[in-house]
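Take a look at the structures listed below.
One chain, chain A, links the two complexes that follow: it is found with chain B in the first and with chain C in the second.
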Partner chain A sequence: MTELKKQLKQLIIDTLDLEDISAEDIDSAEPLFVDGLGLDSIDALELGLALQKRYGIKLEADSEETRRHFASIDALAELVANHAASV
Partner chain B sequence: MTDTGNRSRTPLSQLLYAPASDTQTVAIANGNTVSWLQLRQRVAQWQQQLTSCPATTVAVWLQDSLEFAAALLALWHSGKVALLCGDRLPATVELVSQRAGALLGDFEHTGSLPLIPKPVAASETALPATASNALDLEQLAVVVLTSGTTGEPKTVPYRLAQLDGELAMHEQLFGHQAGTALVAGTVSHQHIYGLLWRVLWPLTGQRPLLSECCHYPEDLLVQGRQQQALVLVTTPTHLTRLPASLDWPAAQGPDGQNQSPWRLVISSTAPLSQEASLQAGRQLGCPVTEIYGSSETGGIAWRRQGDSEFWQPLPGIDVRGDTNDETAGALQLRSPLFASDDWYTTGDRAEIVADGRFRLLGRLDRIAKIEGKRVSLSGLEQQLQQHPWLEEVAVLVLDGHRTTTAVAARLTTEGLEALQQLGKASLCRQLREWLGHYFETPVLPRRWRFVDQLPRNSQGKLPLAALQALFMDSNQPDTRNRLPELLETRQLNECSWQIRLKPSAGLIWFDGHFPGTPILPGVVQVQWAAHFGHLHCGTPLAQFARLEVIKFQQVMRPEREATLELNWNRDSGKLSFRYFHDEQVFSSGRLVFNLTDPADGECAGV
Partner chain C sequence: MSALHQLTIAQWAARASEWNDVASWQAWARGETPQPPADSETIQLPQVPAMLRRRLSPLGRAALWALFELRGQESESTPPPLATIFCSRHGEVSRTVTLLDDLATDTALSPTAFSLSVHNAIGGIYSMAAAETGNITAVSAGPDSLCHALLEAWCLLQDGTDDDRVLCVVYDDALPPPYPQEANAGATVQALALEVRKAGQQGTQLRFSLESNPGDVGSTSVNDDFLRLLLNPDHRDLTVSADQRRWHWSGTV
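Right after this comes the complex of A and B.
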C-alpha cells in the first residue's frame, strides 16, 4: 500500500506537471482538491484519464461516487487496490 | 409563438404569458421529469419570496439550472434584474454588493447584503405563476459580471430583446438539428454562454433541459445511455479530455441502433484546434459546432471544422477589421441586437476573408483565456502586488499540455525570509491559497520564479521572450523532445565551447510554430544557449538577469545542422552565444547573469 501511494503521488505530479514538489511533500491524508494540494476540476479530468491509462480503472459509474475516491491519496489508493483485487 | 421552419419558438417575454402545455416536460432533474406546470409553480413561490425585496438588482448564484430558471423568471416578472456572477468567492460577493441590493441562492458568504432564501418545496396543488402581459422586451434582463481589460471587473447589461434575438439566431441555425433533444451541458449557467444555451435556448425552443451540470465524462456517458436524443453544451476543456476508453458506441441509443444520441454538440469559451474538433466529433458521433462570442457581445460567429476553419458570423451580424492605429487588426462587429448602430471593437485580432468569414489571430490586450476562463493578467499582477512578500510581479501565460498562468517576481525582504523558512513549494502554495480568495482556481499561477531582477530590456520593458526564458528550465519530466540532437561537443578554451547540434523534427517546439512551416522559436534558441552554458561553463541559471543584444538573422529549421558557439565571461557575468552553419549565421545574443551577491542568488529558488 505504501508503494502504491508513492506511485500515485508520482502519477499526480507527472500527470499534472506539478512544479517544486516531490512525492514526499504530499501528505497521503490531505485533501487533493481545493484545500491541501489545491487541484481543480480540470485536474480531476486529467487524473481520471491517467488512472484509466495506468490502472485500467473505468470511471463509468455515478460520478459523485467515483470522484469521492479523488479526495486524498489514501482514498485513491483504496480505489486502485480494490480495482486490482476485483480484476 | 413564432414559427422557425417546422419548429416553434416561444419568445422569452412570453414564457409565462403563453406557456407551453402544462404536461410538457421542461426538464429532467435527479432523473425525474419535471413538467411546465411544476416549473410555473416554482416560479410563483420565488415571486412570493421576492415580494418583500425592495432591491431592483439581485445577484444570483444557484447550482441547479432548473431552480435557476425558476428564480430568473420570477425576477423578470417581478420587474427585477439578475446580476450573474461566475463564482461566489468572498471577493466576488464584495464586488457584487456595490452593484446589487440583495443576493439570491446558494451563497455561503453574504457580506453586507440580505439573502433571499430558497422557498420550501412546492406542494402539488400550489398555484402556478401566470402573466397577464408579455414582458417588455426592452426590459433590462441580466447583468453579467466579467473581468475588464485593465483588471477592473465590469458589468455588461443585457436587455431581454438582446437575449431573445440571439436565441432566435441559434434556433434558426441549429433548432431543426436539435429537435426536442434533451439539452445537457458541462458549463454553468452563471456565465452568458451557459445561460443562453443550457437554460434559455431549451426553454424557448421547447426542448427539455438537464438540471444538473455534467462535470465529468462519465456523467455524459450515463445520459448517452439513457436518452435517445441529446444536445451537448460544452467547452474545449471537456472535449479535449474525453477518455478514448469510454464506450461511446455502446452509448448509441437504447434501441441498439448504430446511431449516436448526440444530435448537436456545441463548444464555446475558446477555440478548438482542428484536430481536437475532429477527434471529439468522431468520439461523440456528431460534428462539433463551435460558437465564438464574448461576455460583452454574446454570440458572434460559428464554425464546424469538418466543413471550414473560418468563422461564419451569426445571422444579421456584420464584421470588419479595425483600421485604427491603436487597435489595428481588431475584429469589429455590428449587430441588430446591440442598442447602438456603432461598430463594437473586440479584444481579438482577426483576418477577414471573403463574404465576412474570418480567422482569429489571438488577443490584443492582456486578457488571457485559461481553459476557457477569462482572466486579466494585469488584474492578477495588481492583486499579487498587494502581498507583503512580493515586491515586483510579472504574470504571463505558458502554453503546454495545459495552459497556465505563471509568475516571475522579485521578493521583498520579508518574502526572502519566508522563502528561506518555508521553502519554495510551501511559499508558492501559500501565495496560491491567498490568491484563491480573489480568483478561481483554474486561473491561479502554477509556475513561480523568484528572481533578483525582472528581465527588463534597455527601455525598461519586460520582453515576453525573456520572461518565458525564465520558465524553460522547468523541471520537465521529459527533455527528450525539448532539446536538440547532439552531434559533437568541442571545448575551444577554458570558457568557450562549440556544440554541433540538430533540431529534430519531433521537438515539441515545432508543434504549431507554424503549421506547415516549422521554425525553431527564438526563445528556444535562447533557452538552449542558457542550458548548454549551464552544462559546460557553469553559468548560474538561477541568477539570470536579462538578455542583452539579441539578433535573429536566419530561421532555424528542423533537421538542419547548426553549431552553437558559447563564450562565458565569468567576470562580467555574460554568456555570448551564436548559432551558425558554414557561412550562415542564424542568431546571436548575450545573456547577462547577476553574480554580485551570492547570498541573493541562493534565495533565487528558480
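Right after this comes the complex of A and C.
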C-alpha cells in the first residue's frame, strides 16, 4: 500500500505538471482538491484519464462516488487496490 | 478604410527565445548579434502563482512576461480594469498538433491540453493571475494579426475604455512539424507587448491606414518588422501585405 501511494503521488505530479512538488510533499490523508494540494476541476478530468490509462479504472465524471475516491491519496489507493483485487 | 488613423505606443517590452533586454533588441535592429545578459533565457514570472504557472507553455510565459513588464510595480493594491488584447496568428499550435496526433492514433485526449489549446486560454490565465476584470479580447487574423490587434486597440480607445490605455500582446512560436518549416523564416520576436494610447500622448506616434489590395499575400515577419519600426527612428515606415489587404504604418516624431 505504501508503494502504491508513492506511485499515485508520482502519477499526480507527472500528469498534472506540479513542477515544484515532490512525492514526499504530499500528505496521504490531505485533501487533493481545493484545500490541501489545491487541484482544480481540469486536474480532476486529467487524473481520471491517467487512472484509466494506468490502472484501467473508469470513473463517472461527476458522481458522488468519484468525489469520494478523489478525496485524498489514501482514498485513491483504496480504489486502485480494490480494483486490482476485483479483476 | 483608407483614412489615416493615429495612436501612441507609450511603451513596449519584447522577448526573443534568447533575450528580452532593450540593448539586445537595439543591437538586433541594427543587424548586429545581440549579447544578452547570462540569465535572460529563463522566465521566472513570480507574478503568477505556481499552480497557475504550471499551465503556461513557454509561449504563454513569454506573453505574460511581456505584459507584466508593462504593468510594472502597481501602486494601488486593486488597479483599475485595463483592457487587454491577446493576439497570435497560430496560438498554442504545438498543443493542437499533439491533440491531433492523439486523435489520429485513437489515444484519449488530455483534458488539460484541450482546455489550454483554445485561443483565449492564455488570456484567461492572465486574468486570474493579475486579477484583471477589464475587457479581454483574443485575436487571430492571419499574417497581419498584429495590425488587427492595434486596430482593435484603436477602436477600444475611441469607444472609451475603463482606463486611457489598452495593453496589447502579440505572440507566436515557430510552427512545429509537420508544418513546412519555411513558414518560420524571419520571426525573432516571440512576444511583444505594447501599451497603446490615443494619439498625442507621450511615446511613439504612429499613423496607419488599411486598404483592400487584391493579389497581396502574407508576409511572415510582421511582428519583427513592427518592432524594427519602433526601434529605428530613421526608418519609420512599414507596409504590411496580407491576404488581399495592405496596411501602411508610419511614425512621426
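Some observations on this one:
The rule is simple: the second predicted complex is superposed on the first by the 84 of 87 C-alpha atoms of A that agree within 3 Å, B and C clash if a C-alpha of one lies under 4 Å from a C-alpha of the other, contacts with A are read in each partner's own complex, and residues count from 1 in each chain.
Keep in mind that, in the parts below, a residue touches a chain if its C-beta (ideal position, glycine included) is under 8 Å from a C-beta of that chain, and two chains touch if they have at least 3 such contacts.
These numbers come from a predicted model, not from an experiment.
When chain A is checked against chain B and against chain C, the one touching more of its residues turns out to be B. After overlaying the two complexes on the shared chain, residue contacts for A:66 are found with chain B alone; chain C is out of touch. In the superposition on chain A, A:6 makes contact with neither chain B nor chain C.
With both structures placed on the common chain, the touch criterion links A:34 to chain B but leaves chain C unconnected. When the two complexes are overlaid on their common chain A, residue A:49 makes contact with chain B and with chain C alike.
In the superposition on chain A, A:83 makes contact with neither chain B nor chain C.
Across the two superposed structures, the residue set of chain A contacted by chain B and also by chain C is 16-20, 38, 40, 42, 45-46, 49, 52. Those residues of chain C that touch chain A in the shared complex are 50-51, 53-55, 108, 110-112, 115. Interface residues of chain A facing chain C in the complex, by the touch rule stated above, are 16-20, 38, 40, 42-43, 45-46, 49, 52-53. Here chain A touches chain B in the complex through residues 14, 16-21, 25, 34, 38-42, 44-46, 48-49, 52, 58-63, 66-67, going by the rule given at the top. Contacts from chain B toward chain A in the complex involve residues 215-219, 221-222, 237-238, 241, 243, 245-247, 371, 400-402, 424-425, 428-429, 432-433, 436, 441-442, 444, 446-448, 474-477.
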